[in-house]
């Protein structure tokens, strides 16, 4: 559910810029397929097999599921004579598509030592070859549109799992007493030597258009584009830092029930939370488990691995609030959706550089930003018919929207209208926050 | 938490129409205090002591907690020389006010065989006498405003618990193999012999003002009043009936995962839900446990005791959706907030009478109507400082808003801006639904 | 299960000394029936209704179940024309007799606010009158034997529930923040001013006969009488005292895993046990919740409310062991089964008086003594056919035997061969221990 | 806990026949070390890493833990200058020795993707080399005795884990939808074409000596040798077969609560048990998951993968009982402890061959036989001081004894006095039963 690859509701009606024969699509497909393997490369077959908790999945499962997606939605239907790699894989690697039949229970994904990681790689090669074959064929234009849309969806779906692959491995390694590193730590040559002073940027109220406008790919939950009414507001020009979070801890933030949502306070007590996820004190210094192993917390960098409950309590303590997803989206208008994402290869949130007077930094990349908005359908939203439509709609309750992507989000995956969503207690993603307030 | 009496954020700033000396306030206070006792009257002390599940509370606890509220927030501070009834009662009867100190764990409220039900009645008498004394005194005008506001809040708080008292007793009796009746069934003389044909009423889009306007009492979560942008929409002129729900069941609604939210489907499977709460088949006929005992389901009456998940799945099946809370509120403009509420003494939802062309029936009373809106703060909302402010704000996550009141809501308690909220799996309240759709 | 009234396997074959017409039986029956009511007398109907935890039952349920037992096993079959009090009571008050049909789930006994406590008292009166009628009739001698045996069983069954009634109420009151007393504390006029020095009594090895010999009533699990082979052993002449237990606590007994059974250590950590059940520190002094309320721990009295795990760890710490049930029984040969039981009306374990050189004190009464013996069938044991046989046999796994009765056991109920049994984590009964060791 | 390698209480006092220099010991050590690797050989590193349930452990963990045992108990203390392979391994591969420090939580053993399976094999090589070095040294005779005893213990400890390795892998593969085979099925050339008719063998009563006599290795829980008193009894000459179990199923055995222990019936209902572990119906035929994959049930072979509860219910249904562990041991006197164990390489229980008039077959090997005896200390038993003594003693509650070894027990590991023990609900071992009854 959490690995839920939100998908486009009605691929056929999507305005795709890439026809199937269009070279960019096939290149992006191949790049994406390669990226998954290269993300898995530092991991042993053992690492790739184990499931650290119910919410997460094994690397191998991600590699197979993203492949199954092409097989189930594209190849079986659109490549004449396609031979599925194995009859068992439907059962093993369907995530939650009720319309695609029975499937292996999510909490038992980690028991699948067979098919082996090598079999999964063979599966990938088999499907990749079939996709190449599909591209080599000439198909009718309408079918081309439809297939192109499904492949575009498959690319985006795989990108989501690339991020999950990294966060799930981090969860696994954080549970390992050896605190293994996904990769060796790299020297940190930051331009910034101390955290930028937090500044506020004001945005006007009024009627604003929200949601995907119709050009390029977007998930169905980003539309329909519609108008919302905003009141004047201000956003912090950067995310909350680890240093600021330490102040919150030291001020007793985790001990004052009045700062917390009732569900949040119950979670703090039940889980014994005293700090963000993966933080531990060693020799009197806060460390955090990262993809480069256990490292001292970088006080200038954005806080990460916090739940919605924590984000909310922090804002309460600071006397501010979280932005709504609409405020966030309106503020990001005109910004290029780039930043410290997976393509920068930092694999961790980095200290903000000042964006300049009246501008926001860290909008994209670094950490997903919890918003005050519950994850709900936009006016006029309807899920697509069929399997593809089983997605976003069915998760639209009890979750909160996050915006902006993280250091683990593949480059080019997010945009200003992109809506990620998780339960308020989740914190294994790269999740942080940006403060907001009403403008006078 | 569920018994959460949402309260006014800042009583002092509320525009109260009733000064303390104002006779209507004292009369309403006394009426309210009497009503609680009269609701408890058909119940034995044993009935009043037991807690049927964690979400519910014993009758006796409701009687005591609503009394403690006056003691803790009004008398201790504003009646000079007030002697608390018992030092232990703070611990026993505080619900969830962290600022008022440690309290008895919610799931163990049913273990409090002491203080006895009689002691609780004595406690009520003690506090009522002190409140009389308070009214007899002359107090400074500013204090009068503040005290008046707190008493107004106490009255509303007690009304909420009056409804919970009834729904909690129903839950208790539904768990009893004897299926005891809270009161003897009364002959049903309905003007309506069959369910009214469902009609649609269209409402225009545009900017609408939502939230409490400032006259009369309201909870803090009903404000600040603010503008929202609506798109043209239609609402069904009455609630979904039991008869329509039977069709849903017979069409396999509880067996088709594609109709359900993912969390909802998981709940259906885990709980084995096959029908609304309290429904059971006897001799081939659907019956439902009611406050008048186990009775055949009235097919014309609104369906009740359904969760948000079920409401959503039903709407999906019907090809419609739930209204947002803003659509509901805008549609109710100008309607008098009366209906089949507790004051009609039916104690059950009743079949709708046609409201007439272009009008909505059953807006108020009968059943709380699940809306599509997550329970979130309105723009500009801030909880009040101090104990009184511990309320609504801290529940604003993971819950859904319901509107309109039910057959168990005390007369005069709700209004068009009133926001009730429960978790999506809850169904022990009188909860139903009204369908909505976009207008072209 | 815990309230399991172990019953006689084959009542017909039991050697009963009391024919049905025999005056002692009817008197004992009436005395027993009266005793239950008098034990309940200090309790309000509310107290009698609530179930403090799954293992315990409400007072009212005990009163009804012991009555149902006569109705189900005696009156329905043996009193011509008997009219059951209510058709519903079979469902409500059957404990665990699968052969007697479906029954109300054990963990929900506390939800039965109806039938009321008064209805239960009426039920008792109805059944008592029918039993009187049964005694007034002349019945054939073989039937008389059978009915007499069943009534004897009913008396013993009710005695077991009398003890449970007290321990269950203590559990309820210990969960109440008011720490209410079942009765007012009585002045303690002990002959003993300090704990007797612990002495060892040696017993020879050899073949000994164990189990009930055939005269008088016994439960089926006390037979068949059979021979066991013992090795020479020694028993402490009194039970372990609270004072000795304080030493164990202060020596870190609850913090040293090496003293504990693995399951015990896991329980200590999971439950946070730091002292016996119902102990709490107030102003630096150990107190224990008792039937007379929260009182300072009497250091000379036997420790009570300890689990098997704790008994075992204590013995380990002391360098001794627990006796087997056979050692205990052999040592008690020739002792009168009297002591500080319910008939002494102390309602708490009392300090031992020295029994005299080579003699054991506190064998009967005060506290049930955990033995090293798992609860298993004696050689040749077979459960009786029919409902009556559903008892002891079905509990013979994973439990440990306790011997000797407690301060809450009705006078005359236990004997040297009597086997009580509970799970090793249980401690809500009056449970303590006596040390043992091998003799040279 | 279940993987608990019961160990010798006091190695020093054991009468060892093998001095350290004695060639047989070093050969047995090397054979044992090799066997573990060869058992793991058919498994991928992925297979070796995953933990199928809390009770089971990953193959890799077994390989490492048995190695750690030599490092922790032998090499660190007795090989001067020994360099531990890795400082982290103590934490990772200690099972439950509280005296050896903190350890990785048992339910998280499956998260240890690092150390890798290859690192574990290197660890084994490192420790094996050090053990060779130890054998090459000349050491004082007293030390030699002690070290020899510890190595003997290490060999036996590893044998226990060899059996667990197989049963744990079977559990993992049974959870895999592919139902993978540990090895390819081999043709079954049984001498027996139908199940042998069950015959009864009578044994006399009287005083019998039970427990290990002092020659050769034995675990501490097999002693002290002591006398018990038996009554005349009969044992079935073979184990209960799958065919007989099918009759039990078809007679409704899993649906009649009167056959079951109360805890057993609760487990049947909670788990939905309808047949032995790993049984599933395919095309109307019972199959069972085996180390050779999913195969039709062999009706002549002993039933396997049943819990104590099931064994007990079956015996009840048949009108017999289970033997005590003493009856079993006395009956096996003079029998050679060989049978269908791991050395026969069948990897499954096989149909009994008639043992001949008055003789028992299948005593050793095939399936562990549940006995009626709770796992308790023998008279005079005391755990050894220090880490080595942390074993058997701490598991002596709530478990039942099994006797005789199984098809997965390494050859030479068991003997007549050998006591295995598991909780009554366990069934993932090769567990079956043999019937017993009293002799007139």
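Labels A, B, C and D are assigned to the chains in the order they are written; within every chain, residues are numbered from 1.
Note that a contact is a pair of C-beta atoms (placed from the backbone, for glycine too) under 8 Å apart; a residue touches a chain by one contact, two chains touch by 3 or more.
Treat the numbers as computed from the prediction; the structure is a model and nothing was measured.
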Reference chain A; chain at largest CA-centroid distance
C
Give, as an integer number of Å, the spacing between the C-alpha centres of chain D and chain A.
47
Could you state the distance in Å from the CA-based centre of chain C to that of chain D?
38
If you look at chain C, which of its residues touch at least two other chains?
none
Linking chains that touch, what shape results: line, ring, star, complete or other?
ring
Chains touch one another in the pairs A-B, A-D, B-C, C-D
Contact residues on chain D for chain A in the complex?
44-50, 52, 88, 91-92, 104, 108, 110-117, 172, 175-178, 180
Touching residues of chain A toward chain B in the complex: what are they?
1, 96, 98-99, 207, 226-229, 231, 257-258, 260-265, 308-309, 312, 372-374, 376-377, 379-380, 390, 394-398, 400, 424, 438
